[in-house]
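We call the chains A, B, C and D, going by the order they appear; numbering starts again at 1 in every chain.
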Amino acid sequence: MTTRRLRLGMVGGGEGAFIGGVHRFAARLDDEFELVAGAFSSDAARAASSAATLRVAPERSYSDFLAMAAEEAARADGIDAVAIVTPNHLHHGPARAFLEAGIDVICDKPLARTVAEGEDLVSAVSASGRIFVLTYNYTGYPMIRHAREMIAAGALGAIRIIQVEYPQDWLTEPLEATGHKQAAWRTDPERSGAGGALGDIGTHAFNLAEFVTGLRCESVAAELTAFVPGRRLDDNAHVLLRFAGGARGALWCSQVAPGHENGLRLRVYGESGSIDWMQEHPNQLRHATFGEAPVVISRGGVGGGVAAAHATRLPAGHPEGYLEAFAQIYRDAAALIRARRDGVRPLPECALLPSVGDGLRGLRFIHACVKSSAAGAQMTPLED
Amino acid sequence: MTTRRLRLGMVGGGEGAFIGGVHRFAARLDDEFELVAGAFSSDAARAASSAATLRVAPERSYSDFLAMAAEEAARADGIDAVAIVTPNHLHHGPARAFLEAGIDVICDKPLARTVAEGEDLVSAVSASGRIFVLTYNYTGYPMIRHAREMIAAGALGAIRIIQVEYPQDWLTEPLEATGHKQAAWRTDPERSGAGGALGDIGTHAFNLAEFVTGLRCESVAAELTAFVPGRRLDDNAHVLLRFAGGARGALWCSQVAPGHENGLRLRVYGESGSIDWMQEHPNQLRHATFGEAPVVISRGGVGGGVAAAHATRLPAGHPEGYLEAFAQIYRDAAALIRARRDGVRPLPECALLPSVGDGLRGLRFIHACVKSSAAGAQMTPLED
Amino acid sequence: MTTRRLRLGMVGGGEGAFIGGVHRFAARLDDEFELVAGAFSSDAARAASSAATLRVAPERSYSDFLAMAAEEAARADGIDAVAIVTPNHLHHGPARAFLEAGIDVICDKPLARTVAEGEDLVSAVSASGRIFVLTYNYTGYPMIRHAREMIAAGALGAIRIIQVEYPQDWLTEPLEATGHKQAAWRTDPERSGAGGALGDIGTHAFNLAEFVTGLRCESVAAELTAFVPGRRLDDNAHVLLRFAGGARGALWCSQVAPGHENGLRLRVYGESGSIDWMQEHPNQLRHATFGEAPVVISRGGVGGGVAAAHATRLPAGHPEGYLEAFAQIYRDAAALIRARRDGVRPLPECALLPSVGDGLRGLRFIHACVKSSAAGAQMTPLED
Amino acid sequence: MTTRRLRLGMVGGGEGAFIGGVHRFAARLDDEFELVAGAFSSDAARAASSAATLRVAPERSYSDFLAMAAEEAARADGIDAVAIVTPNHLHHGPARAFLEAGIDVICDKPLARTVAEGEDLVSAVSASGRIFVLTYNYTGYPMIRHAREMIAAGALGAIRIIQVEYPQDWLTEPLEATGHKQAAWRTDPERSGAGGALGDIGTHAFNLAEFVTGLRCESVAAELTAFVPGRRLDDNAHVLLRFAGGARGALWCSQVAPGHENGLRLRVYGESGSIDWMQEHPNQLRHATFGEAPVVISRGGVGGGVAAAHATRLPAGHPEGYLEAFAQIYRDAAALIRARRDGVRPLPECALLPSVGDGLRGLRFIHACVKSSAAGAQMTPLED
């Protein structure tokens, strides 16, 4: 690690934003990146103010992401990668611009607003030859990596059942009507796309199910509901899942479930065993083998494997959390960017980074659920 | 309680049976019943052997439930009530016989094999004027009673979401192929009816959801699966639920979920709060009010109400379990039988006893799920 | 079990009592006993009223335990055993009387008020040749039996550390000043003896530590406190424990610990592993082997052993609780009484029944703690 | 935050070290510090290698902390603060050197090897007028801050009982005999001082108890044990605690408790309520008020207060962990350093930073425990 830090730019993430700050913590934690440029706002003054706070030089504060892409690409010390942390409707444009400028992209989820935008980005990534990483950040948790490794190694036998849920409660009341910025754009189809809770957190749950099991979901039967009067997008979704090979599952996501903060939970059952993981207590993984007493594997402890060890920093019993998992995406992205730059084969773990293709699957999932729900929860294929 | 114990007969529950023993514990716990007669087996010798073990007089051991109904009805000291604890295909016949003989019935679940049998029993109960109690025993748990009371009092606001699940793992492998008696009849459509896991445990989950919320499920979209090769009935079911008034829910039951013993869990979310209850730790009820830190109410402790107090025996912190909850059904049934006999108004709690109508709803639920699943998980009304 | 039920008498346990009802549930659960006689109160009218409620014949309702012992001993159908469920100061007298009358005794804990009373009862048991069982009821929990079996088999290696605690909160305020009957006698040295919380629950904790580990505590350093102003006995005790062979431990019991109901917890650590058990969730036992991920063994599930199987009634996942554990003492007592009567060797499990000697150890523990505390927490041997 | 990052140096923390890396994560997380100098090893080549890895300029890599103190003090761009992350015997020397050089110090715990060293450092801090922060890092957890705030506000009433424990299992076997570096110095009196587990983790537990309650421990009765044959320092300690004002408590720390990773847990009981906190699940705080159902307060969620809000970065449900808590010490230290530099009043939260005086109390605690244990667990005052 005697090499220089990678230079990171950011689009979005100015004052009042939430996820931008998380990306900055994540980029900083492992000392692989330094933030040197940003279009933190489309308002020049606010962009500049954020830049100053973030110790970004004034000449590298932009209010226009197109200008930023062009100018950074032209600089000798230009950014190595850009983090796109804007609301969903502002993913596609910036992503395309930076890819075309030859700059690697780390983009927040969901990938974009529509399947069409997503397909376009798949093409753009391919055409550009650039690295594109989507921050399905829960894939960075060590115990999630371990669960994936166990399942790939056959520890559960063939997978039969997948239960995934992501309940929250912060939209239990019509928060968007109060001017709350985070609530406003998430409940606005123009900015969010066709999915409400489904896009915001359902795609995380969906991705995690596929990531951990290695199975592809083929069709869904969905019941989307907007419980809060006047809300324009679903705030609750129940989905039946059919996976290739015969596994069956259910997904529930909700933003109107009082008593839940970020209750992401994944359970996978195979012919011979199961795993159970909860985001709010992420350092433990329950593993049951049929006919044996269940064990609790802890991050960093005995029973963890290579995959978990790669994704962790502390010994067992000193809890890691959300930022560390998010940082893992950045750490692996850095490894991938460096490997490409150095012309060497990347670490195998880099193959786990969520890709533009994973992002497109998320958009197809949203699309199929919306379509299914409109047809009375009819079973609907993801690809049509 | 200076009155005599009620005299109980039993159909089924001989050697090798499971649920019969549970009914006997439950009947005995509160000292309201004494077991005095039984048709413990259709094999006379085995019936007699069980009778001897259970201290039932030889002359009141029967091998034919019809004879038992007739003879007990004719005795001056005949049984006050009969417990029917046979496999599903032997519920309807005995129940009808005892009702017609004027004897109150306590019957194990599900009510019968088919909707038609169930409808016939509804008629038979009505015609006989006898008491009929179905042992949806989880309704006897104090914290379930408390949750019901809270919801009825509006503590959660209007209900929006109901999540209920009942995973087990004991049929993960083809246990029925080994001659295992309990597995054999439960996976046999002739003896179980159209539902496998759905009938055995899914009906419990369904009943609990309706019992606690007071809402009626109107339609379902179900995906039934038999994961174990050769199995003739579902061993896993995923069901989307639509309730009258707009609430939505999901039910999952499984007997092939390694790591689960009797993982019945019910969560209910309303406009202003939620409850969360787990059968394996039944003395606690988590209650969250939106905007407040969640509380953990314990059986017998502060925060419990009248309904829970009625259904409990011990102070807080001394755990009660499955037998106590099962016994509550018997205790309330005894109160109802005595009230009828004494010509007095029964305790209000007797109105909570699971009825033949609740049993019929369970059969309609099974029927609708089977129909929905056969049609590709199509949304299907319960009543058609 | 074709034999008759054993005939049980009871001293104490009339209206307003707590533990008497528990003993009756416990005696009834396994259908081994029937309650046929009692001195439920020293007030004849109240004794008779309780007897009527409990379906005890009027001629076998006594207000004088000496008369009861004499008359029951003289009857052809006299009681086989008596349950003594009075406050502590009324253990020694009745116990001695029934032993001398040749009647087996089941006595609530602690054994008596003083070491001298306890020593006298040890002699009386020995002289009488009668069975004497002390209801250290927590020893009846299946997972406690299993932990004992594991440790005896060397599953943890040589024991090093024992942590046991029993916090409650019901005496946080001066409840005895309100006329609360249970609080009043427990805080009264005349009726309780020298220990407050120490006698009421500390002796349970102490007994459990010795029962599970098979080790003898040799000396203690105790800090007893009465936090509630005016309270005459300790309501909180911290005790350092030295065991024969070098193990060390700590015991904490409290009745002024807000937020605890019956938080009895035992943890034992050996050279190679540990166990952890909590009374409020008694169906699980955590077992950690050094260098392996910890497992959670459940009652009735895989990983349980012979000892647990003997002490349980239900399959895994259907929780058992306090009454079942208490009933186990009665069930094993019944087996012991029958074996003696039948002149056969009792089940090996009968050897686990808490004895008068275990009771005496509890009294010595109280005595040593009181002495140590008075001397500024000086290390004090149990036997002096 | 438009000001420059503070310049940090480090003594210790080279290759193979553990806590140095933690300090670096912590210093980096909030972007308040940049690491610019270090004496990472007393071996010049190894120091240089670590420096290169850590992107410290070669001219600011030292192998002698005295030289580092002198040279950095002389540079215009010299370090603002130094982190001392060496084994215990190398705390006093470097700390004194940097203080005398006018450089603020952030020092790992325990403060030093002996009370005398600790007293000398108290003097040195006072004489120098420099800031000295001891990384009792668990005080940085938001829920610990919240518990402290609640207790200070009287939410529990007057404190009666304090239970604190810190079990680990990593020294269950004689790891020091294998050449394990971390184990070797911690079990060596020359490098660790008089306390083994007591110094390494017992001081954390002791500090936390005083920090959260605001009470001073006045005397202790301790039983120290070295269970592993040949071990020269305690690997297990049981301690009775007497606090000023009458509160009583118990402390248990162990490094030979199989099944525990970093099981630090603090429970505090007052006249009217209690709190319960566990380091391995640090985002939750259980709070019970006598006579009410207990609540679970979560970091960032409703019910948290000002103190917790100051010490956190993420919304509720996105778990924070050990690094964030450790970083809080650095963040508050930065605020204090900046305030001093800017001549402004520091944030009130800076007053919570663990001081050299807190470190001295830890040494007195070790000393008193060792003395007590040698005298057969005799009650021993902390100050003598």
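Note that in this section a contact is a pair of C-beta atoms (placed from the backbone, for glycine too) under 8 Å apart; a residue touches a chain by one contact, two chains touch by 3 or more.
Keep in mind it's a predicted model, so treat the numbers as computed, not measured.
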To lay subunit A over its twin subunit C by CA atoms, how big a turn is needed, in degrees to the nearest 5?
180
For the copies subunit B and subunit C, the interface residues, called same if over half of the numbers are used by both and different if under half, are same
Subunit B to subunit D, mean C-alpha position gap in Å, rounds to 55
What whole-number Å value describes the gap between the mean CA coordinates of subunit B and subunit C?
35
Report, in whole Å, the distance between the mean C-alpha point of subunit C and the mean C-alpha point of subunit D.
43
Two or more partner chains touched - positions in subunit D:
260, 287, 294, 298, 301
Once you draw an edge for every pair of touching chains, what topology comes out, line, ring, star, complete or other?
complete
Under the definition above, what is the set of subunit C residues touching subunit A in their complex?
287, 291-298, 301-303
Where on subunit D does subunit C make contact in their complex?
156, 160-161, 163, 165, 169, 172-173, 221, 223, 225, 227, 236, 238, 240, 242, 248-250, 252, 254, 256-260, 269-274, 276, 286-290, 294, 376-379
Seen from subunit A, its contact residues with subunit D in the complex are 1-2, 4-5, 18, 21-22, 24-25, 28-29, 31, 52-55, 168, 260-263, 279-283, 298, 300-301, 313-324
